[in-house]
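One chain, subunit A, appears in both complexes that follow, with subunit B as partner in the first and subunit C in the second.
Moving on to the complex of A and B:
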């Protein structure tokens, strides 16, 4: 309200003051609920703060040393890398295929474009339980169809390998449509003349795709791939619903491990140290991104 | 021959397209069909072989939810959480985006980047300090606490998209208003707001969906029906047992309750949502 009383021209002269005033709420929010907590997390990672045990001392690098021998964390780290990389690559590929479909002209295209948003919009936790139920070995639709067609009994969540494949495919189902939305916009931005000229020169559909479409949407692929990688590192809703990290710890990712150690077991110190590892992975992706952008001269 | 060939290849091409369209539709809708079917069926019918594709419709599962858990509280919390978060995010982001779009000086772009880069911080890595922060502010297990935290998370992306929307509006409109003596709040509310309303609606929809779907914060900070949301409710019901094993019919009923509003939003605003997503991803 004080704002209204100040005259506009005075404020224009104080452009910096005005700027500060307008961005202050956003930055206050980010400082209190993102920057400060992250710094706290880094500090807590050096303590053995444990609410149930009642310990709270500085322990140096003990949490990190413990991770070196903790099978659960080692497994979570390696599966996080597998999960994030394989699902990002598959999401980009499937997203591209969906975008090509949505860009073709056929009856029902608007319908297809609309339902394409459903996987993106569905709560991830619901998708997680939905897939678990869909893959239920006794009464799930997919094992049922598979058995009727081939006689194979699919028991997805007992073996580590099939559980891992299942969560990666679930992740692709959930997020490939988002990639498709972005790719579709990219495809629509490719000048039609390029395709026409190439057709005149005798290029087939396959050649046109590899020689024109792919290079032109490369910047988009790199940017989206990096964004997805960072977001996938942080997410755990789908795995929480589909497997809760099981069987055993086969599908536990670092984000889920942080949640369980911190919120379920109140081992705040240890959970924070795992968070720092997660943060380091994000930083590695970020540094890789900077290097890639410098090298390929791709602005976002 | 030379005339028939293109026609034949065209036909094969469209067969391919319609086959892909059918496969795509099946894969996208299969999980939706599965939970919808399970939510409207009696528990025993779901455990029959051969599977019953369209069981007789019953509303028993929803009735059970209403009877056995504070379902309406959860529903109300989800709605209140999503609406207040959407509104708070839009207000904070709109004024910040205005500053970034209209007040340029050396370094202002860097400041925007700092805000955007904070999006990369994994949220789960902040929950332990946030838990302690909310606890010291007495905001644990409150909708206000959840709203505070999630609004912050959604703000950077919203600012980014709104900056793009505001930059598209010619500055002359505001200039003329200022010369006529309009104050800053007047410019923001009366002059610019109607022009960028589509952008605000788009980001409102995207943020509503994000907040409605959010699991991490309520799962971490809510301990009672006073702030638990549907996303927490579904995890609790899954953790329970029924005489038939996992209570899939109840899990599905909560799932359908959560999916229904977002699917309705998508059906009516596909274009608006897509425009926001694209602006966020492409410059």
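Moving on to the complex of A and C:
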């Protein structure tokens, strides 16, 4: 065995000890703050731990089986997918459009870039409650404008479709400015000569955008898409403020379901099982994004 | 730059070695050391340091809104002078969820952030079943309950007791009142509705959708708002919503009818909380509504001085449902209890005995209406010209107060009802599906 041949002194001599010493703090930190909680959550998912009921027994896959029949979890799972995908795609798209605007030369550009970030800087729960009032059917600005323009009286949160659209658009409004700032940095990194050469070759603005801008910022798009997806999967504060998951369970996401089961009901076993599903979703998205990232070859 | 290859070992062996070392280190850290004392070793009493006798203290947790009245009342009562016990007022969190989390963590650690707590119905159910509270029956004099009307006693037996033991003594007992625009009713010449059928007819009398005016409205957004209304209406139908019986079906059919057929109840209520509901009433968009008494203070507040007049905020008896007037409304309450893991248990018991005594209850009410209830001695001493006292007396005398519908897993059960009822009321599922889902999910809670 090669390992057996290695003596500790030889390793020390060859600076392995130093390496271990340097790596150990980070390793221990991740072990205690990431690996341990994740493992503990996975283990709890196999129990019926309920603080108020006083139960804590191994129940195998019972929590996962229950998820298959639980009306709330099923709806939360389906809406989570819709919510995360639609809001991420819209945030990337709107963020890109804002970035293109902010990248153009115009008077007051610095001011525009600054105020762009205001929605992102507002605490999410405050934005959630703000939207609840903005969409109030009696006092809300949005229903008022809509009524003045079209004669339609909007009551957003009593229809599942309009409630879902409202929370997705609220999410886009809140976080698209941040995407815009990131895209702006990316756009400023694209060499100007490429655009000049393309213009000389007769390429129009649309062609320059699709053939130069989009490919060159694709790695950024994938990275930010991954981040946004993961953040959206884990977040529920906007929905908590806007609809509390209603009407019924129409806008309930898995993260809100975990909060309810774990923090409101103290059913840590079942909440942990839902968290594991959430973790699996994050892992799938992460693996897919990494694969996509490696496929994207940017060279100029 | 070093690499494993340069050292003469493969990457695989390096990783195995590093992993083994890390696992060894982790196991070593977890193992008990030789210097640790055995866990079960008891410290002999003789080795304890002599106890220094200091002032006796007790911590009373109240909501921020009750801090000043409680301080005033305790200062005026002379409790500390009489007993030598200093009372520290600490603030509890405003929401039941946060307080549940806070106390659950503390009790698990065998401690408590306070000794006596002022708390609501939902927490009483959770705390008493979890074994977080001290039983209070032995602390009460034998004639204690004689000072309570039958409605309050029946309520306490359901909401403040668990397995026959009392865990909370109520000091604040209030119910939703039926507020109406007397000026509008007089103007239209229609009588105030006394039955469900009459409420339905109010849609035609008052609702003007184009103007955003509705006969009635409520705050029915998820998060325990909708549950209040479901419980209120089902009680009027003669049942408990958590039974998901025929009365609950009748109640849901009635609410649906109010929203979509007779158009008396604004369907947008489903997206409103109490602040939004109150704002609509004060904006002259609602003819009558059920609301907790805090609305009376909001409407009479300085912000609404230009709007307010007594005929805009008249309190009437609630309409009677199929079950008759006896269960037309219900009361909810706050009260005092003692945390089991309190480090000052004797002082806490002494304070609680004082707080719930007749004299102290009256003194507390005089310091603030947070301590108003239908307790006989309290109601008799309350200022009779106050609207809230008058309303409480009217409702109590009329015998319209039923017992608030209860479920042993109340917080979870109300979520089930809200999810399934809201899905039906927003046309996502049928009534039968809603009831079936509610039954299935509630069955899973027990």
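Operating definition for what follows: the second predicted complex is superposed on the first by the 261 of 300 C-alpha atoms of A that agree within 3 Å, B and C clash if a C-alpha of one lies under 4 Å from a C-alpha of the other, contacts with A are read in each partner's own complex, and residues count from 1 in each chain.
Everything that follows uses one rule, which is that contacts are C-beta pairs under 8 Å (C-beta built on N, C-alpha and C of every residue); 3 or more make two chains touch, one makes a residue touch a chain.
Computed from a prediction, not measured in an experiment: that's the story for all the values here.
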So, does A:233 touch the first partner subunit B, the second partner subunit C, both, or neither? first
Kindly classify A:197 by the partners it touches after superposition: subunit B alone (first), subunit C alone (second), both, or neither? neither
Going by the contact rule set out at the top, does A:250 touch subunit B (first), subunit C (second), both, or neither? second
In the overlaid three-chain picture, which partner chain does A:268 touch, first (subunit B) or second (subunit C), both, or neither? first
Output check: A:27 vs subunit B and subunit C. Expected answer is one of first, second, both, neither. What do you get? both
Which of the two partners, first being subunit B and second being subunit C, lies in contact with A:121: first, second, both, or neither? first
Figure out whether A:16 sits in contact with subunit B (first) or subunit C (second), or with both, or with neither. both
When both complexes are superposed, which of subunit B and subunit C contacts more residues belonging to subunit A? B
Thinking of the overlay built on chain A, is A:72 touched by subunit B (first), by subunit C (second), by both, or by neither? second
Partner chain in contact with A:106 - subunit B first, subunit C second, else both or neither: first
Doubly contacted subunit A residues - partners subunit C and subunit B: 3, 6, 11, 15-16, 19, 23, 27, 133, 136, 138-139, 263
In the complex, the residues of subunit C that touch subunit A are 2, 6-10, 13, 16-18, 21-22, 25-26, 97, 100-101, 104, 108, 126, 129-131, 209, 212, 221-223, 266-268, 270-273, 276, 279-280, 283, 285, 411-412, 415, 418-420, 422-426, 428-429, 437, 441, 444
Along subunit B, where are the residues that touch subunit A in the complex? 14, 17-18, 20-21, 24-25, 27-32, 34-35, 38, 46-47, 49-51, 91-93, 95-96, 98-100, 103, 105, 108, 111, 115, 117-118, 120-133, 148-149, 151-153, 155-156, 159, 178, 181-185, 187, 209, 212-213, 215-216, 219-220, 231, 234-235, 238, 246, 248, 251-252, 254-255, 258-259, 262-263, 265-267, 270, 273-274, 277-278, 281-283
As the complex stands, subunit A meets subunit C at residues 2-3, 6, 11, 14-16, 19-20, 23-24, 27, 31, 51-54, 66, 70-72, 132-133, 135-139, 153, 155-160, 243-250, 260, 263-266
For subunit A, which residues count as touching subunit B in their complex? 3-4, 6-8, 11-12, 15-16, 18-19, 22-23, 25-27, 29-30, 32-38, 40-41, 44, 97-98, 101, 104, 106, 108, 112-119, 121-127, 129-131, 133-134, 136, 138-139, 141, 144, 173, 177-178, 181-182, 185-186, 220, 223-224, 227, 230, 233-234, 236-237, 240-241, 255, 258-259, 262-263, 268, 271-272, 275-276, 278-279, 282, 286, 299-300
